[in-house]
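The following pair of complexes shares a single chain, chain A, combined with chain B in the former and chain C in the latter.
After this line comes the complex of A and B, so read on.
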């Protein structure tokens, strides 16, 4: 086969783009590039949370912290315990999350209230306010729907932390850059699930791929009443909660 | 297990405040710039001749503060060495990314150009009469143009007028934009209001006008020169009008929030009555707004002797400067003291000798005055030195 100059430039250009994407990926996520079998365009990640299944054990928080080296006192995921009381017809929630529930919760002393646990994490929003406000584009949505931060590019201005309605971001005390849940990107691109999902003893949290027609998420969304956190914020959150109580903020 | 300084429930990552004292200074300083420039434009564009004695002073004040304006931001960044990325690879959807461009536009196209045109005849005069290093500096400042013929001065004046006309919306843009940075954060109900840019703008005008008024009186006192009362009376009149608009806008915001009483109201109401009671209700609204407004109103309504009026203007000016700082504090810090869950509150203590501490803030507030003194030495704003040959 004879190669024309045009072919040579086209092939060379494509190779260059592929090589730089691979290199940039490694630099950004700190992980090895996805395996060759992994194709970003074929995935669209999110999570489903079954509140009734969560027992507030804190396994997910510990697993996340260990897996991702989350600095002490900061949280990529945490669990909240809601105790909702009816006061003169108003639903008054009392919420706690001692140290993000990394050690679980002390036994509740209230028997007369509605009580449940709510695991929280980055909602990997489609229309992320954090992505919108980043002055240099260091935080971005990956082609497979995960909101990531390029720690080699982030200025540490903290505008994204202010813009997140869910309190999911923090400034890494050593790196001095914004940090948050990556949906264990280094794992999911290798065909694994997230550390929090893997360690949940009741299966309350489940990683889902909206682009995979065989993913149980489709059946889950079709057969359950689901809600995202703060839907009025219109962020396009992709973490769906089953039977989310209206008092949850 | 209670977290010190925290009341109720905060999302675990919210306990620590992200924007501290330096981010309070940033809108304060840019506000002084915008306000001082708008005062200068009163004379230039709106032909309010009475404020002529403060024209050059206002321009130099604006420049001194504008040169310091990026420093608090720079010192606040986790990675200051990457700040140039905002210019090189700005993210177009980010309100913050535009800061560098708005700043540069204002600094170079508006302020430096207007000051240069205003002082050109003086610079040429001093380049001709000075020797040594001083002479070289003035020669450099002429930018190679020694022509101060009447015809060239007419052109200077026309271009200067055009620059000021462009400068007014630019000053509005500079500070309205700072308000937009806060006002567009939908996650934060304390900030998120379309009124924010306009409230920031009017409070900027108030602080800038008060700042130049106080500075003018202080400089005249220091130089043992008489204070032009017609000038100060006129500035005070404009300060009064602007302050009435500013206060009305802020009260409109407050009344609107209270009447609407949406989801966030209970939380914000609690905050105003506890954490922000001292800095907002007592300091900002009562002491530094109502008192100066009453003082200014009485100078408009009653015949008051010159010495008393001077004292009243001075007190008013200083109170206003404190009040607008308190307003910036209440916006920036206040907006981070409550949880976005509306279920709890955190607290904020200013550190003393830290990168973003009190000492740094004091240094950053002294710096513009040092720059101002240097600018005054380089480009004297006083009338007796402004007569250049060719005028």
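After this line comes the complex of A and C, so read on.
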């Protein structure tokens, strides 16, 4: 059979129309399967940190590293030691965090300064700057309030790393994608607490669910002086610090 | 040839150039839709401008720390001892390390956890440090024990003497 150019174009056109109709049908009907017991709409995760309980042991940092396979030299959570010196009436903070405090701190003996520990992690902001700058929609706030990164979608452009005012993100040295605290999403969605909260010996940090009316967070927020980091940036941070010193940035 | 109306056949013959153009446009649209469908993950945009499949991928990560409730299911002796002392709220894995492999194994004794390194373990929390809250029990280990291991006097699960 002789195939003319006209026939070829006609057949090609028909095939194209058929294929695209099929693809559209697949898109409509082949949606993701419904998820099981955990209901995202019933949770809104955050964390409370009690500065007055943190002893700088670094248990949270080690736990996070073990649980999430954080590459060596990078940290999803870390602890800072503040030593605030009073110089002519000015508060001058000296901050250190040797290797993210993964092995704790060498003891501080300075009695002339106000010193304390500040554990830090992703603040899981509601209006997160990192989410706003992502050009491809690879980082997002989940329906239960956790800021996550889609590894398969991330280009590794580092915009989010620059945008985070808290320095909570890094470029994974092997995957070459942005990486950060997931608030142990794989644990909290099956009823466990985060690795850092599980292993904090003094209960300085606690995972909280703002949508649970019985969660102790409501009383905590009502009865204590709580602050978020960099409130003037209006990020909607959900990590609340109790008795945070004014010098902490 | 000027258009004079008439039969449908004449209409198609006379507007062939327009029909070819339309066909090219439709073909282009189909190609676009095909590529778009292939590239955009399923259910993209269900909760926002991202792929909801990423949530499931992140949730599939294995757990390393089994959690307090799992430990005390078997080790109730240690749990009872700890509950009456000042370490009551310190989780087992805070000292013993991640034990999900031990807890989930068919034969837990095959994944026996190593004993913690007492020399470093106790000191990380209890070494005297001006930055620690004053109410937290702290000692200068060098003066306190004269080099003896902490657990030669203190019981770690219930650290009275």
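One rule holds for everything that comes next: the second predicted complex is superposed on the first by the 214 of 249 C-alpha atoms of A that agree within 3 Å, B and C clash if a C-alpha of one lies under 4 Å from a C-alpha of the other, contacts with A are read in each partner's own complex, and residues count from 1 in each chain.
Operating definition for what follows: contacts are C-beta pairs under 8 Å (C-beta built on N, C-alpha and C of every residue); 3 or more make two chains touch, one makes a residue touch a chain.
In this text, all values refer to a predicted model and were calculated from it rather than measured experimentally.
A.B. asks: Just to be sure I read the superposition right, which of the two partners does A:67 touch: chain B = first, chain C = second, or both, or neither?
C.D. replies: A:67: touches chain C, not chain B.
A.B. asks: Considering only touches as defined above, state whether A:116 meets chain B (first), chain C (second), both or neither.
C.D. replies: Once the two structures are laid over each other on A, A:116 reaches chain C alone.
A.B. asks: With the two structures laid over each other on chain A, which partner does A:224 touch: chain B (first), chain C (second), both, or neither?
C.D. replies: neither
A.B. asks: Per the contact definition in the header, classify A:86: touching chain B only (first), chain C only (second), both, or neither.
C.D. replies: Neither chain B nor chain C is touched by A:86.
A.B. asks: Considering only touches as defined above, state whether A:153 meets chain B (first), chain C (second), both or neither.
C.D. replies: both
A.B. asks: Could you say whether A:137 touches chain B, chain C, both of them, or neither, answering first, second, both or neither?
C.D. replies: Touch status of A:137: both partners.
A.B. asks: Of chain B and chain C, which one contacts the greater number of residues in chain A?
C.D. replies: So, of the two partners, C touches more residues of chain A.
A.B. asks: So, does A:57 touch the first partner chain B, the second partner chain C, both, or neither?
C.D. replies: second
A.B. asks: After overlaying the two complexes on chain A, where does the chain B footprint on chain A coincide with the chain C footprint?
C.D. replies: 137, 153.
A.B. asks: Mind pulling up the chain A residues that touch chain C in the complex?
C.D. replies: 9, 12-13, 16-17, 19-20, 23-24, 26-27, 30-32, 35, 40, 52-59, 63, 66-68, 81-83, 103-105, 107-111, 113, 115-117, 137-143, 148-153, 182, 185-187, 189-190, 192-193, 195, 198-203
A.B. asks: Within their complex, state which residues of chain A touch chain B.
C.D. replies: Its residues touching chain B are 74-75, 78, 80, 93-100, 120, 129, 131-137, 153-159, 161-171, 175-177, 233, 249.
A.B. asks: For a test of understanding, state which residues of chain B touch chain A in their complex under the given definition.
C.D. replies: The touching residues are 1, 9-14, 16, 18-19, 73, 76-79, 82-83, 85-86, 89-91, 93-97, 99, 181, 185-188, 336, 339-343.
A.B. asks: Per the contact definition, I'd like the list of chain C residues that touch chain A in the complex.
C.D. replies: Per the touch definition, chain C meets chain A at residues 23, 26-27, 30-31, 33-34, 37-38, 42-43, 46-65, 67-68, 87, 89-91, 93-94, 97-98, 124-125, 127-133, 136.
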